[in-house]
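Worksheet: the structure to be examined is printed underneath.
Each chain gets a letter, A, B, C, D and E, in the order it is written, and its residues are counted from 1.
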């Protein structure tokens, strides 16, 4: 066997965390075992096993193309929508196996908010982008709708910029504005899990700061998995970190652990090289 | 008059630069005067005047929605393609007014490469994405084509990841891979100017480093304008920096100058707040 | 350069098309306008249509169209949505339906007429009636509606399907609120082509909605469509040319009216919902 | 829940559509198969078509189709590209052309027949000929091709237009290499609908390509199309029903063949060029 | 099928007869309030088939009865003649039956042979299955396979347009239509047949040799409303309508006396 299996034999549940506003107990929210993902038969992620802890912020780091987005797409079964994607392995979410056919996928996804790497607001007005999911989940009162929408926009620092043009197209927003709109759209349903694929990549430091603050406020209540290339950011906000790497063009989980130790005293030489050598 | 006009009266050409591998003379490549951009009558950027120096790297920084992307889109007349966009003012590029109707827009754009904020590879194979612009500009020899394509992919660190599947869809690449493909596509034509709208936003530190190195190698030969939210990056690579800010929801140029002084001893209090206060 | 040449070719193509069509339209206008009058529009045909007007025929045409579109549009949209969004594209059923639809698009209208005659008039006991005619037309235009709508849906980027799914939205909501409105150009095209086909149809209607040029009193009455009237006037009625041109002009005016409203409706209902950059 | 209901409705719609169509197809198959034989396909019609075969008619149909598509496809694509990518959408010319096209889609085929007769047979001195017939058909199917292609192009995201422009690429290259291939679903739909319309057309061909059921020797010979043959057999020839069904079956087989190839071609030429995620 | 209804008639068939019958039906309805006569079209063969199957109460056929239709009853309503037409600029004014025969078989291929200009003759024949074609062939004692047609057409209007547009064409069409068009300046000329001028009048006089009956067809002896309608359609009171449609009316007693219904018009 050529590929390293980092957690073979030993437990990788690392006890109570040290960082984060809220103290998280190490209760697994997602238990992922032997997860492999392939596209049209080509394996891109293999044998990933890790626990994502309830109320904690888990950062995924790793080079481009190592399977971070693919990993996220499995957690809310969005992989179903991607032609050619095949998933094997085992994922338990709140005690339920979510990779079987007979689960309520819609309920699962409602429970798990997702922010995509490429912002994808609907081709509707800004207001409707937020109204649609609200209505869909039973918020019928117009006043409550308006309130929630304002709240969501405020929480991502977009309200002031767009309050005068809520009826204009979301596609006419700037890149960063679209990104924030998508974050607001995911938050408005108050899911218990947030999957964030580089939510701050298109954001300037101010907006990025707003989003970071928001994430830290949510920690404890929400389980958050965040893909970020900004190692400083990962270090600042995450409780746990998972490091992916590509070996023979197959993505693998190299190291998983509490954030600070992973950055400060990585077990694996690859991790060490990545967190130190790369320019932050 | 309410809005500040930072350069009123005084010259803002700042002499020879201190940073960057190559020494740039302060020869304006673009001279922009009183540039305003509006969408459907709503002004989003007003009265921008600055010189972009030949062979230098100019970083544009500023909060989301302040008009950085709009500014770039004017420089290669891409604004023509955006319905509702109206541009006024004056831009001289290599001695030619480029906002008049009778310039050869295609030649202009061939001369100016652009990298978009949202990666937009053509829905073709990876190879064809690079082949198309090559063929378009007269490279007919199959061997030269293959060489150039390999070179371009190598320069963005993508070659090893995709060499085995050059014929598969560019849309099936990961976010960062798409981003790098688009950079390669812009580079392959060897333009004399590069407009880069957050080229590293979706990139992990390693890829980001590769692109940064590449940018620094190009400086001196190429004039590069780069929008970046990563202030550390701007500081590392740029010779000049321009700081945009929104006042009454209209974007304005607040300060422009050599990069280091702008970061270390900003003239404007807004700039000072932005470069220090924000979380990098 | 090439762009210029290509542009020129395009211009040429557009010009040729326009010229040919202007000739046709001009022909109809020049010969039709003299026949057109308020009286022509508001009275019954006399002397086999050589004199009098086309009022009952306009009414019948309208009713037939209403029935045809009323049936075909929901079925067509439904069918297309099923094909594009729900059906398993690898399945046998899918390819059978696909093939059937393409086949039907090529069935001569006379065959539709005979089918309608056998099925609706005969089997379903509807007799020669506006209902039979409308239903037969509905069968004819379904493939058009389905094909175009399906093509439209196929071109909607997957991003929004993912976004919707990730928000736990029903596929239904997503389809109605985002995918269909975004596909509006294609759906409108299909709608207009269907309306065109339906108003232009002759052979299928002769056998189903019939030839009677009385004012229809209900949907189970026989009623003559304008296209049938025009056909009859120009083929079987000696000296019917003038009235035929007049009727053709009326038909074209109706088509333009309908298209105008259809465009408007689709803009208001569908396109206005989505905001394109 | 709603998703389920909606899904059920879709299923219902699809089933209704399928049932109705199965009836039609089954009808044609059951009555047509006994008439079909190698002899039927390879001999000339006898006794007004009641006996003998349809060979010359198949040949004429094929030639008419080739002419119609050969003319309409380039013109249609060209026109649509011009409308979608080059024309100023605010301009008067644009709306006039748009309106004209929509009007034409609703012109009854008999009017096209009379126009074709006057213009191609008369004015251009082509007489009753396959050429006249093909050109008339080309006029009829142009609106279909243009509308669908245009709708397809309208749905292509602007991103690639920007990417192309920023690379200094010719609009032409971009259109041919990216936009058209990406619009393939819509263009294919338009193509198949056009082919369907062309093979199904009767009235317009009676006046232009004519009734002669001899084997055509050149494009300037008159030739009877299959649809005309079917029309004639079922309308005017007593005892022609069996042969009519046989011919209808032949026509349907031809349509299926063509659609199959058209689908294949469009896949190879257009869709395979673009890689969708 | 709808004939069960006591005051409702469905008539289908010949598209030549349909416009005329539709007018007759309207007048009939006016005289018999409460009745409804729906005239449909679809061709002679459909009229016969529908009358036979009972789908229609009455069928319409623009030709005489055939032996294979022995069980049906034909009721003649009017006559139509068939005229040989040439272009108005054709110098010839008469042709013998034999000459016509030879022209249509292709044995005479040039107008010069007949004393005209030195141009090839364009023979315009009707499509197979048309009643006019069958009548013409029968009269000329030709088989369709012997006809060397340059152009084949389907309908009267098409035939008239073709001959009007081609100076060297010869064809045959309904006399009424030809007379009307010629009267309105369409450049065609009607040639006499067997010395009898081709006109509506000579058809009415029974002198014109090439004529066909326009028939109503029933399955049984007409009773009730069907009988009433057929009687009305054969009565003198619709002659103006028949004339108006460029067909030839037959005096009522002739119909009764000759039992013309089943017979040849000739």
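In the analysis below, a residue touches a chain if its C-beta (ideal position, glycine included) is under 8 Å from a C-beta of that chain, and two chains touch if they have at least 3 such contacts.
Remember, it's a predicted structure, so these values are computed and weren't measured experimentally.
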item: Each chain counted as touching chain A and chain D at once; value: B, C
item: Number of steps on the shortest touching-chain route linking chain B and chain D; value: 1
item: Numbering shared by both copies at the chain D-chain C contact, with half separating same from different; value: same
item: Between chain A and chain B, centroid-to-centroid distance (C-alpha), Å; value: 29
item: Inter-chain centre distance, chain A versus chain C - centres from mean C-alpha coordinates, in Å; value: 49
item: Distance from chain E to chain B - Cα centre to Cα centre, in angstrom; value: 82
item: Separation of mean Cα positions, chain D and chain C [Å, integer]; value: 15
item: Touching two or more other chains - residue numbers and ranges from chain B; value: 82, 106, 118, 172
item: Multi-chain contact sites of chain C, meaning residues that touch two or more partners; value: 3, 158, 170, 173, 182, 234-235, 276-277
item: Overlap residues in chain E, where contacts from two or more other chains coincide; value: 15, 42, 155, 158
item: Complex contact set, residues of chain C against chain A; value: 158-170, 173, 177-178, 181-182, 273-277
item: Chain C contact footprint on chain A (complex, rising order); value: 76, 78, 80-82, 106-114, 116, 118, 120-125, 128, 132-133, 136-137, 168-172, 182, 185-186, 189
item: Chain A to chain B touching residues, read off their complex; value: 39, 61-65, 69-70, 117-119, 161, 164, 172-177, 180, 197-198, 201-209, 212, 229, 231-232, 236, 246, 249, 274, 278-280
item: Chain C residues within the chain E interface of the complex; value: 47-49, 122, 125, 127-128, 206-207, 210-214, 222, 232, 234-239
item: Touch list for chain C against partner chain D, complex; value: 2-3, 6-7, 9-14, 16-18, 20-25, 27-28, 74-75, 78-79, 81-83, 86-87, 97, 99-112, 114-115, 118-119, 139, 142-144, 146-148, 150-152, 154-158, 170-173, 182-183, 185-186, 188-190, 192-193, 195-197, 199-203, 226-227, 230-231, 234-235, 248, 251-252, 254-256, 258-259, 276-277
